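Naming follows writing order (A, B, C and D), and every chain is counted from residue 1.
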Amino acid sequence: MAPSVSIRSLHYQYFDGAPFALKDLSVHIASGSCTALLGPSGAGKTTLLQILSGIIGAQFTTGKASGSVLIGDDEFRPIPQKVLFPSVGYLMQDASVQLSGIKETVEEELAFALDNMGIDGYERRERVSQALSRLDLGRLANRRPHQLSGGELQRTALASILVARPSLLVLDEPVNALDSLGQQRMVNVLRSLKCSTTVLFADSGIEFALAVADTFLVMQGGSILFSGTRNQFLNSLDSFYDLLPVNQWSEVVRKWGKTTVHPRVAGLLSL
Amino acid sequence: MIQFDNISFRYAHDIEVFRDLRVGIAAGEQILIVGRNGAGKSTFLKLLNGIVRPGSGDVTVGGLSTQKHPTSRLAAEVSVTFQNPAHQIFASTVLQEAEFAPKSLRRKNPRERAQEALRLFKLNEQAKSHPYDLSLAHRKLLTLASAVAADTPALAFDEPSVNLSRPEQLILLEAFKVLKKSGKTILIVSHDLELFLPICTRVLILDDGKATFFDAPEALTRDQNPLRRSGVRLPLVHRLRPYCGLSPIPHPGA
Amino acid sequence: MLQTRPTSGSFFILMTKTVREQFQLEIEGAGLPFVAFCIALNLSAGQLAAALKLPIYLDSVGTVLVAVLCGPWSAISAGVISNVLASAFGNPAMVFFAPVAAVIGGFTGFIASHGWFRRWYIVPLGGILQGVIAAIASAPIAAYLFSGVMLAGTDVLVLYFRSVGNTLLQSVFFQGLSSDPVDKTITYILVFLLCRNLPIRLLQRFRGGNNLPHNKAMDRSYAL
Amino acid sequence: MRFDVGEKLSLTLFLLLLSIVLPWHLNGVLFLLLVLFRYAFRPFRPVSDASRRRSSALARYLAIVVLLMTIVNGLLIKEGTLWPLPGGFTMSSEGVTFGLRTGMRLLVIAMSLLLFFGSTPIPRLAQFLQSVGWPVQLVMTLLLTLHFIDTVPDRVSLIFTAQEARGAPVRANILARTKAFFLILSPLLLSGIVESIDRSMALELRGFHGGAKLSFRGDETSRGRMTMVSMLFLILSILCIVWIILRWLLQ
């Protein structure tokens, strides 16, 4: 069952005396939802995602944290202290760094996580082939990772996480390096994960979020500024003028009437 | 100001990048250079300051021919900044990094020029901090500021808006408007048409070795074929605006 | 045994932990990929020096970086792997100088953990001392195995010393004395210049973060 | 007769030590034998044509060095029978044999290393090292080194271009070029540190903790245990070491 995530008054500093990366952040993310975490660079999006994945608690022993994080029914006070693999999957911003770089083919790259989990034999082959087909990497299975294009690298990195079947999937700016075809593929993948996996992704733009997310969070200076559904977000676009690239969008949406988003705009939004 | 006279160029492993390309850019113009990956956009910038020499034809910048003059001399005419900030940030404070170009070009009072450029990109409070204590977006702004600090008549940027989120994009737009007013020639290689179409004077589309379009942005929205053929699509919001009775491209300052 | 935090003067920890545990301790945080990066740096620093037509070779700059930022045992493995791979990629004699690379890594790691990279004036001293030790370590190998001919410009020095009447071992050692201290001092100073202002956000991810010039915040928040 | 990595490694160790034991004329015979080995014997054929090009260039280079070493030593050393040469120089037989001894030794060393590294891709070597007990972190480091060896040189040239475009003095006098050396190494180190931090997080995020063994393509080929052949070569190597120590003591 996909976990819900609720965070209560979370504060975080990378080291004593550092500026607050997260300031009194409280949010609830529904189970199985696809939530967009929007906001400018330095708003703390990456810090929040890395705290949920547990990597910050594990590697940043000098960090200072307070508050509490609840993922599913495990309570972490103040933050998870070890990497929550495999229940939480984290896709990094730069896919070429996420891949281990030591494997000779894409198929082996996907098996890396399963080696560490001690899964082999039939179940390993079955999980790898399932991940390959889900991200339609079938014909790239024997390709060498450094021969892949940006979009293919991104899909390989995502597949190498989905083999571990995480129940909470966290992605950091999944589309800012992709062209429109790559974005379209990523929209389909995230849509296929709905309800079975809780998805939370960070983005500095809004076009991808409008196409796939059902709840929207806007962050600034380490705390949550706005939390709401798609229509609430569309109607209050003007208040994010200098935080998100909405200026030309807000004009378009305002022209088409505040309450409902005009079907043609909504149709085009679904890319 | 910048003249490409029938340039032909190919890399060692014989992929033809340009075939007798002719492009003339007047002083004070802002050119947006667009094309699919591998259409030679980065090579176009490298031809500007002689890092890469054309097979045939010549590139002249500010009257100097790139065949005859070394890169160090051409760097005083055009300052070329590449995409990845990690490939050039070396100093241990923001100010030192911004001071590098004016100092190595032996400009007068390099420190004031650097501080001026940092103020233009809203980085003056962080002048003393280490560039890697800044966020990636601010490091990117730092590379743009250290190019502007060199005070060269022409500026060329490779994907200046990548890694920038909205607040930094607004800072970038403000800075480019100030540079436009002071008559600088600016070349921008970018995929981000939504950001740069409103402020550029002409758009250059590079497609398999040729310049298939070199005209004002409004002409681009009237006839989108050269754009579509070069594998680039007009941003969704520009395609939507006509449906709402708005002009396809907002006038600058919108 | 209670996990003691290695501070400067961590000689005690070298003694009690087995080598394997100490190695795993040193590459905690970002150490493991950094060792691999520094080995690649060792192998390509020579190319960069040649591209800039500089007469220096600096094939141990990566080993010294690992010694300062991670620790002695990871620096020893970095040095040894660098030499083995260098012999795989075209310079066969290097594999026999792996012990010299191990000595460089171990010695640098040891003095780094004693704070020799904290003040700028101690660094050249460390460089000269390291150069002498490297010359002592490489002399017998160069003399007995390769009779002083190392396919490099410095072979001329060896021939000169021998014609003046020294034994083979002495002349190889004198040649080493004339080039190694200079090379190592330049390497040490370069590493010091590269690392002295590293920000805390990067330093705190390395076991040896405390080996570098005094960072006020570093004291309170010692890494790992 | 399939040679696995372990057997090739112990053979190479034995050859390296043998080159120190044998007199120069036997080393010469061994060198010719190894050249024949390389072309005739399948498991020792070079894996890629890049390694073939590299090794034949190296073989020619070393032959010249041996010749040079022999002549120079012959001229310099004064013991043994001296054959007069025009221009007052003397060529001593002792010097020539001394030059030949070290020259032939270098040839055998180079050839045995080329045989091993030319025919064994590093991932196979890493697979063998893991099966004989290397810690998983060290095996991962060796494999990651391969990745960095591919990417660091490209990054160096990218940084070189970016800094030259900003006016870095890469072609000026030696002092300026030394400053340019720092201008290129500093971004390289900073980007290397940042990439190491990201990569270490990426490894931990996929469960790598140094406990579980790494899996390799075609896992069944590496028979971890010591085979008879590699045992034989290891015993021979120990004998060589004993011989060298005895000869050194009795000298």
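Just so we're on the same page, a residue touches a chain if its C-beta (ideal position, glycine included) is under 8 Å from a C-beta of that chain, and two chains touch if they have at least 3 such contacts.
Being a predicted model, the structure only gives us computed values, none of them experimental.
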item	value
Pair of chains joined by more contacts [C-beta pairs], B-C or B-D	B-D
Most central chain, judged by mean C-alpha position against the global CA mean	C
Centre distance in Å when chain B and chain D are each reduced to the mean of their C-alpha atoms	46
Centre-to-centre distance between chain C and chain A (centres being mean Cα positions), rounded to whole Å	41
Chain A-chain B separation of Cα centroids, rounded to whole Å	31
Multi-chain contact sites of chain C, meaning residues that touch two or more partners	29, 198, 200-202, 205
Residue numbers of chain A (touch at least two other chains)	59
Set of chain B residues in contact with two or more other chains	132
Chain contact topology (line, ring, star, complete or other)	complete
In the complex with chain C, residue positions of chain A that touch it	14-18, 59-62
In the complex with chain B, residue positions of chain D that touch it	155, 158-159, 161-169, 171-172, 182-183, 186-187, 190-191, 194
Footprint of chain C on chain B - complex, ascending	92-93, 130, 132-133
Interface residues, chain B side, partner chain D - complex	46, 49, 51, 70-72, 75-76, 79-82, 84, 86-91, 100-101, 104-105, 132, 146-147, 150
Chain D-facing residues of chain A, complex	50, 53, 55, 58-59, 83, 85-86, 90, 92, 94, 97-102, 104-105, 108, 111-113, 115-118, 120, 146, 160-161, 164
